[in-house]
Structure formats: structure tokens, C-alpha cells
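What follows is chain A paired twice: with chain B in the first complex and chain C in the second.
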Partner chain A sequence: MSIERKFQIAAYVLFIAVIFAAPVFGDEFWLNRISKYLVYGMLGVAIALTWGYAGILNLGQGLFFGLGAYMLAMSLKLSSPTSLQQGSDKPVPDFMLWNAEPGAPTQLCCINKGSFLWLPFQSQSVGLVLGIVLPVVIAGALGMLVFRKRISGVFVSIITLALVLLVRLIMVDAQPVTNGFNGLTDLGWLTIGGIEFDPYSRATYYLCAVCLSLTLIGARLIVETRAGMILQAIRDDQVRARYLGFDVSLYQVFFFVISAGIAGVAGMLYVIVAEFASPTFMDLSFSVTMVVWAAVGGRSSLLGACIGAILINMIEAEVSETEALVEAWKAIIGLIFVLVVLFMPRGLGGLAHDVLRQFIRRLRPGSVSSSLQQQSGAL
Partner chain B sequence: MSAIALTIDGLSVDFGGFRAVNNVSITVFDGELRVLLGANGAGKTTLMDLVSGKTHSTQGKVFVYDTEITNWPEHRIARAGIGRKFQVPSVFRDLTVRQNLEVANCRNPSVLANLRFGFSRAEARRVDDVLALIGLEAEHNMMAAYLSHGQTQWLELGMLIVQDPKVVLLDEPTAGMTQAETRKTAEIINNLKGRHTILVVEHDMGFVREIAERITVLHLGEVLAEGSVEDIERNPKVREAYLGTKGIS
Partner chain C sequence: MLDILFIGLSLGSILLLVALGLAITYGAMGVINMAHGEMVMIGAYVAVLSGIWLRASLLLAIPLAFIVTALLGLLIERVVVRRLYGRLLDTLLATWGIAILLQQAVRLEFGLSFLGIHVEGLGAGLQNVAVPSYLQGTFRLASADINAYRTFIIVITAVLTLATWFILYRTAAGMQVRAIIRNPKMAAACGIDVKRINAMTFAFGSGLAGVAGVMMSGFKTVFPDMGTTMVVDGFMVVVTGGVGSLFGTILSSGLLGEINALVAIGTNDILARAVVFGVVILVILVKPSGLFSFKGR
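Presenting the complex of A and B:
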């Protein structure tokens, strides 16, 4: 095993150790905030997987995040003790009651035209399963359409961007079913096997930490398989890969779907932690922000993109809460992005990789592992 | 002679009224090395595009042995046994030389079959052999982006060899090469003779003499002549259409 590889594994182990040790250092409110950042870290991994490894810049990752979030939020809404019409055996979400036509039956099946869609969500497991299945199915269908047609590059970005805005519009427009702009608030807690996931508890934090760790390790393993290598080959030269006999679109769809699945899980975790789901998840700005995290962290580095997401959000929180900088924080974040793109085009991951190589060279001046070797920066 | 490896039967393509390839019929025998000669615009590369599936033909048929592959999708044609090297060398720039060959070495093209790690000893040995054949052993761990032009061409040839197609299409494998590089390329290609059926597009007559058995001359999208190197060099129609009055220098 090469020294570089040992350092890479050490970096993963260290990162996972740190996030599992974090509860020692702060109170519940801080933990709740960090949980959100871990969820953002998952989104960073999802973006790096498609952008860095598959060369597909998805500007609508918020679609999969939002769908995952809404699916679980619907289930949690129905298990909320405070926001339902109580006293009946089939409680109805509060916003449906407020907007119900006079005389409408106060039943989930038929209080309005679309309310029957909520019926399956009375079981939390339906929300949990759909939170990953729906993003995966939609990503699969979209991928089949787009990649079979050999659409690539900026056109994929434009299509995903348009799609997330379209779905956002539908979610806002379907007010009777989705509560429109207001989103779903006042949610109950997720309960799995008797454990209640209070958003301000360590249990919830560890849930996020476990999910992020599994995502990181899983994504890293999958890009190290042959399929991962072929995917990178496709990113470098689709035509060449096709003439070697690979059905390029299947590989693209496969990894696009995995990325969507990760985003769906991230959306569900966010709902558990933040206790709301809103159409803002499908705002264009949010999807673009994810791409910025991955760019700063290093798009060709899964761990880098993950750390980038967490770091930017920590800085953002710090800066936006400092009184002198309240007005300027957006400019500061923007400046960081511009500087990174100008001076570290491969992001933090690339920087770490370069520093490591310098270090190794100084360690063993005999072995000239020239800078030409293995510059993929796959930390 | 032995079986026919590649049959091109009355192949034509029409680009909005312009017939880039017009009713071309060529049969290449198993293990043969055939050179396609022709001036710019004669339709050589277009013919390769038609055979390999990049361009859809409007008329005619293509067979690999007994399988008709006319207008199949490219990856299926590749799986049917046709490998292609492009005029502009195309390799996976951000993978190492070794990884480039390993990608070509994945026999099963499906995603799920490739969800596993590493390569067997036999597969690794095969990659080692090809690295030796194309003379890139020292560079095996280098990113393909940093190879010289000639080395990139050899790497692409190496990928073809690993892929082990029945029929190899080579589009100007010596374009932009120095003389020494051209000689080494000829060596690699001569090494493939017999094991693969090879169709080469080439301009460089010195190189053609070094490798060719039979030559097919294309002119304005049609087959003008076919024969051995001497036949072609003496053929008056070829001299007039392609080589000019001065003959082959």
C-alpha cells in the first residue's frame, strides 16, 4: 500500500472519529446545528460523485433533496401531536382543516381533492421508504431520458435546473396538499424501534453521523470498483468508452441514481433535524450553493466536498452572527468562493493532495515520484 | 483463403444530397491487413464511421463474420468484435496508463458485473504484456494526459490490443509521428498481423509499404482500385486520381 493511500485512509478515519467525538464538545443546540451541517456534507458527497467522478454537473440536486424531505415530512406531520385535528381516529393536518370548504368531511381521505394522497403516509415507514425510492425513481427516469439521448455537459445542467424549478412551482401551486409556500411545519418525531429521534438529542446527531459515515465509505468504495474506474473513463472520453463496448448511458444513470438516493436520504435527515420541509429546498440558490460547497472542498474528492460543505456552513454561521459582519457575510462567502476558484481550482481536497505529495517527497528524497504521477487528487 | 472477417456490401451514406461514400463493397479476410488509401475527402474516415456505428448508413450492409451489424449502436458493434482507433488519439486523460488498459480489459460491459474490486492475476498479466508490447512499462503509473503524442497513440493501440477485437480499424495511426515513432508503430501493428483482422487508413507511403499486404484505394467515395502494393503503384487510374503524374515518391 502506498504512503498516499495510507494517508487517504487516515483522513477518512480521522474525519469519522471527529464527527463521532463532537457531542463531547457542545450542548444540544450546537449539536442540532452540526447535525444540519453533516446533512449538507452528504449533499457535498452526492455532488462530488456526479460532478467530479461522472462529469455531470447537476444544478438541480435540490429536487432529490426536497422530494426526500417532503416524503418523510408528510409522515411526520401525521404523527405530530399538536398540528392535527384531534379526537378522530384519522387525524387531518391543520392546514387542510383551515382551508377546508364548509361542510367538507374532516377525513384524510376526502377533506379536499388531493388529500387522499396522504393516506399511505399514516405509516412512518412509508415516508421513510418513499423518501429514498421517489428520488431514485425520478432520477432513473430522468437519467434514462437525458443520457440515452446523449445529452451532456451544460445541457444536463440546464435540464436539471429547469426541472427543479418546475417541481418547486408544482409544490407551491398544490397548496391544498402541500401547504404551498409555507411548507410542512410542526412535525412529530421519527420513531424507529422504540427510539424517538428528538432533534435536539444525541440520538439524532448520531443518526446523522452514521448516515454520513456510511455515505462517505460507501461512495468511496463504489468509485474504487471497476465500475467506478469505467465511470471516470467515461467522464474523460465518452466516445472512447463507447467504442470499447460500454453502454455509457447505463453507467451515467447508475451513478446519477446513487447520487439522487444520497440526496433523498439527506433530505429526510434534514427534516428530522430541522423539523420542517419547505419549497425553499428546491430553490435554485440552494442547488447552486451545494455546487459551491463541492467546488470549495474539491469536486474530485468525496471527503473534500463533504468537508467543504461543513466548513462553509460553519464559517457562514460564524460570520453571519458576528455583529460587525451581519451585512457583509454573503459578500465574504462569495469572496471565499472566488478566491478558491482562482487559486485552488481543485479545492481543499486538491490542496491537501499537493501538500501531502510535497511532504512525501521530502520524507523520501530518493524516490522521485514526480508530480506527473497519479494527479487525480482522489483523496 | 480463410473465412471473411469483414464484409462491406454496397455501403452508401448521403449527407443531404452529398454522397460521401457511394456503393462501396470491400471484403477483408480473416487475419488480413488491409490498407485504405485515398486523398483527403475520399471517404476513408467516413467509411470507418459507417462500419463502427458512428454514422448511420443510408444503404448497404456490414457484417462481422456472419453477424450483420449495420447501424447498430456503437457499443454493441464494439462488443460484436470491432475495435477502433481514432485519428485524433483519444485516451482517458485523467486515468493512469495502467488504468486505461484496465478499463479496456473489463470483459463484461454491464454496470453490475463491474461492481467489484481489482483484477485477477491473469488479467493483470495481460495488462503487463500489453504494456511491454507498446513500450510504456516505465510510464504505467503516469497520468495519460502527460504522455507525448506518440505515446498516446501507442496507449490507444494498447487499449485496442487488450480489448482484443476480431477486426481492428486504425485511422491514421502514424499521424504526427516522428520517423522513429512511425517505425515503432509499424512494429506494433506488424505484431498484430495474423491475430487480428486489420483495416488501416494511412497516407504515409513508406509506412504503407512496411505493413501492407493489400490496398484498397478510395476516390470521391468510391472504390477505385484494389490490389497489392506493386499493383497499386503501377495502376494508371490511381496515379492519375490520387498520386498525380509524378507517381509515388
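Presenting the complex of A and C:
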């Protein structure tokens, strides 16, 4: 094991230890905020996976995040107290009642034309399952269409971007079913096996921490498999990989789907923590913001992208305490982004990597070159 | 029916005005300029400011906006874009950062709001521009009510498109631009100053966006975030039409504009936009090089 790899493992262990130790340092309110950032960290990993390792810049990751969020939010909406106290024994979302036509039956099946779609969501497990299945299925179908046709580069970005905006418009337009611009608010708590996930509790924080850790470790392990290596080969030279006999689109679809699954889970966690789902999840700016986090953290470093997401949001929260700086902060983010793309294209992760190399070289002259020789021998 | 088609035509011409600049910069330079929408926004603010401070009419704002945004485009090219040639997706990201900067610059009144100074016409609020009386109202043409301002937009777009065509196909500089679209390295080998031409192209494309902004300000409210949807629409047009093809951009903007208008009459504006996005996705899936592309070398 090379010394660099030891440092990398140490970084992962340290990061996971820190997020699990965090509850010692703050109150419930602070923990709730940090939970959100951990969810953003998962999005950073999802972006780094497709962008850094597959060379696919997905400008519509918000689609998968939003779908995951809406699926679980629909279930939680039906289990919220306001949905249950409508005078009938079956829960009905409050916004459907407010907008119901006079004389319409106050039943989920037929209060308006689309409300039957909500019927399966009376069970929370349906929402939980669909929150990951729907993003994965849609990503799979889209990936098959796009990558089988050998569409690449900026065209993938534009298709994903158009798709997320398309779905967002449909969600807004289907106001009777989705509550349109207002989104789904006033949600109940998720209950799994007797544990209620109160958003301001440690249980919820640990749920997010566990999910993020599993995502990080799982993503890291999967990029080190043979499939992950082939994926990176495809990123570097698609045509060559194809001529070497690899089914290029299969690998691309596979990692695209994994990234979508991560985003779907992140969407569900966000709903648990923030207690709402809104069409803003599918705004263009949110999807690009995820890319900004990953770029600042390091697009080809899973941990870097994750830390980038968490760090930027923590600083933003600090800065936003001062009202005059809220708008200025956005300008600063824009400036940072330009500077990072211009002068630090590998982000914080790349910077850490370079510093580490220098450090090792100082520490033990010759050790880097010998490990490099080992690598080239393995190739 | 005729009036619906006419609305579609005017929507298409706005799209074309925005997309024209993008088509040139993307086609010629391989730069995805996400700040293009902000050029539209700045152009609109030039109309607002010149109306308030110079008491100038909308017509005078057109050349003013062209000059301001072209200079701004030149600056952006010199400072940022120039360093990113050949890194297509990075240009997208860097110009997104610039777009945020420009939005915040207008919202914070170029930082003056920190000093407690308020410039009328800037800031986070909504702005409106008065349209001259001779461009208001409607006139009848072949049993259809035709909106005068929409006609004005179509005419201006036609003039600018013709001017762009003339520059690209009838001047020496235009020939150099076309050479760069086909093959930048070969163009450079033939003695074309690619850097200079690229800078000029970028400035010209930005200027066109500025004029589009003046046109927009006449019938839409002006606010700092208005550019974001513009640049998305513009890209949809460029990609649908085929990268580097002026003709394709013209036809696809007309096509998408008409689809938007026709669907909007049958249903509503939101679904119309959704259908347009759907059409664009289909076009890219079926023919990724666009409807009217030519082969680059």
C-alpha cells in the first residue's frame, strides 16, 4: 500500500469520524442545519461520480433529487396531522380540500381528477421505495436512450437540463395533484420500525450521517473496481475504449443510474430533514449549484466534492447571518467559481493531493518516484 | 389563425435575437456562454437607465445597449474566456460564475448599495420601460389584429439577422469567422489572427444579446434574474438548429416559437414551454448534430 493511499484512507476515516462526532458540539437546531449539508454532500458525491469519473456533466441532477423528494413527501403528507383530521377516516392532503369543487367526495380516490395517483402513498414504505426506484428507472431509460446513441459531452448536459426543466414545468402545471409552485409542506414524520424521525433529533442526524458515509465508501469502492477503471478509460478516450471491445454505453448507463440513485436518496433525506418538497429542487440554478460545489471541492475527488458542498453551505450560513452580506455572498460565490475554473480546475481535492505529494517528497525523498514506478509497472 | 402564427413569429424572433449571438460564439469559438442571458439583462437595463437618466427613447437605447454589451463581452473574453479555449464544459461553468456576478452587480447597484447610495433604475426591484406611442396599439391586416410592438420586434430582428448574414458572408472578417468555424487550426495556419477574430466575434454576439434585451424590456418587466431563462432558450434553439449554422438557427427559432404559440393557445404557457423542451430533447436524441448542420472538418 503506497503512502498516498494510506493518507487517502486516513482522510476518509477522519471525515466520517468528524461527522459522527458532530452531535457533541451543537444543539438540535444546529444539527438539523448540518443534516441538510450532509445531504448536499451526497449530491456532491453523485456529481463527482458522473462528472469526474465518467466525464458526463449532468446539469439535471435536480430531477433525480426532486423526484426522490416528491415521492417521500407525498407519503409523509398523507401521514401529517392535517391530512388525517379532515373529517373522514381516509387522509386527504389539505390543499386538495381547499381547491376541491363543491360536492366533490372528500376521498383520495376521487376528490379531483389526478388524486388517485396518491392512493399508493398511504403506505410510507411505498414512498420510500419509489423515492429511489423512480429516479433509477428514469435515469436508466434516459441513459439507454442517450448513451446507446453515442451522444456525449455538452449534448448530454443539454438533454438533462431540458428534461429537468420539462419535468419541473409539468409538476407546476399539475397543480391539483402536486400543489404547483407551493410544493408539499406540512409533512408528517417518517417512521421506520417504531423509530420516529423527528427532523430536530439526533436519530435523523445519524440517519443522514450513515447514508452519507455509506455513499462515500460505496462510491469509492465502486470506482476502484474493474468497472470503475473502465469507466475512467472511457472518460479519457471513448473511441479507444470502444475499439478495445468494451461496451461503452453499458458502463456509462450503470454509473449514471448509481448517481441518480444517490440523488434520489438525498432528496428523500432532505424531505425528512427540511419537511418540505418544492419545485425549486428542479430549478436550473439548483442543479448548477451542485456542480459548483463539486467543482470547488474537486470534480474528480469524491471526498473533495462532498467536503466542498458542506463547506460552501456552512460558510454561506455563517455569512447570511449578516443581512447586508446575503447578496454579496452570491457575488463572492460567482467570483470563487470563475477563479476555481480558471486557476484550480481540480478544486480543493486536487490542491490537497498536490500538497500531500510535496509533503511526501520532503518527508522521504525517492518514495514518490518508487510508488510511481510501481504504478506504471501495474499498468 | 393568422394572429396566432404572428404571435409565434414574434416569439421566434425574440428567440432568434438571443440565439444569434450564441450561435456565432458557440459555433465559431466553441464557447458556451452562460452569461449571454445576462447580456440580455444588461441590454434591458441600458434601456431602463437611458429612459430614466437621459430621457432617451427606446430607439436610441438600441445602439447604446449594443455598444455597452459589446464592450462588456470584449472584457469577458479578454479576462476569462480567452484562457479556456478547448475546454468546452469549463467555459460553461466559468461563464455561469460571470452570470452570477453580473446579476449581483445589478442587484447591489455595483456595490453602491453598501454605501447607502441608490441609483434609480438599478437594484433588486422590477423595472419597466415606456414604449413610444407610435409603437403601441394594434393595426388590422387581412382580418387579423396585429400588435405594432411585435411587428417592430420582427422588423428589428430581420434587420439584425440580415446584417449578421452580410458580415459573415460578404466581408473579409466574416470569411475569417467562417474559416474558424470550419477548422480553427487550419485557419490559424493560413494567417488568420484567431485570437483577435474570436474577441471580435464574442463582442458582436454579446452586442446582439444587448439589443435583444432592449426589445424584451418593451413588453416584459426587467429584473436582475431575467437572463437565466433566456440563455436556456437560446441554447435550445442553437442546438436544435445545428451548431455553426446561421440558417439552422433562424429556422429552428421560428419552429420553436410557432410550437410555443400554437400549444399555448390550446393549453397554457407552462405546458407550451414543456412541449418545446420535449421537442428539443427529441431532436437531440434523433439527430444530435441538429436539424440543419453541416459537417465540420
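One rule holds for everything that comes next: the second predicted complex is superposed on the first by the 358 of 379 C-alpha atoms of A that agree within 3 Å, B and C clash if a C-alpha of one lies under 4 Å from a C-alpha of the other, contacts with A are read in each partner's own complex, and residues count from 1 in each chain.
The rule is short, and it goes like this: contacts are C-beta pairs under 8 Å (C-beta built on N, C-alpha and C of every residue); 3 or more make two chains touch, one makes a residue touch a chain.
Fair warning: this is a prediction, and the values are worked out from it, not measured in the lab.
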item: Touching partner for A:358 - first (chain B), second (chain C), both, neither; value: neither
item: Partner chain(s) touched by A:251 [first = chain B, second = chain C, both, neither]; value: first
item: First (chain B), second (chain C), both or neither touched by A:322; value: neither
item: Partner with the higher number of touched chain A residues, chain C or chain B; value: C
item: Partner chain(s) touched by A:182 [first = chain B, second = chain C, both, neither]; value: neither
item: Partner chain in contact with A:239 - chain B first, chain C second, else both or neither; value: first
item: Touched partner set for A:165, first chain B, second chain C, both or neither; value: second
item: Touching partner for A:123 - first (chain B), second (chain C), both, neither; value: neither
item: Which superposed partner A:230 touches (first chain B, second chain C, both, neither); value: first
item: Doubly contacted chain A residues - partners chain C and chain B; value: none
item: Interface residues, chain A side, partner chain B - complex; value: 222, 224-227, 229-230, 232-233, 235-237, 239-248, 250-251, 254, 372-376
item: Residue ranges of chain B touching chain A (in the complex, touch as defined); value: 52, 73-75, 78-79, 83-84, 86, 90-96, 99-100, 102-104, 106, 109-111, 114-117, 119, 141-143, 146, 156, 159, 163
item: Residue ranges of chain A in contact with chain C within the complex; value: 57, 145-146, 149, 151, 153-155, 157-159, 161-163, 165-166, 169-170, 172-173, 284-285, 288, 291-292, 295, 324, 327-328, 330-331, 333-338, 341-342, 345
item: Complex interface listing, chain C residues touching chain A; value: 32, 80, 83-84, 88-90, 92-94, 96-101, 103-105, 107-108, 114, 124, 228, 232, 235-236, 239, 268, 270-271, 273-274, 277-278, 280-281, 284-285, 288
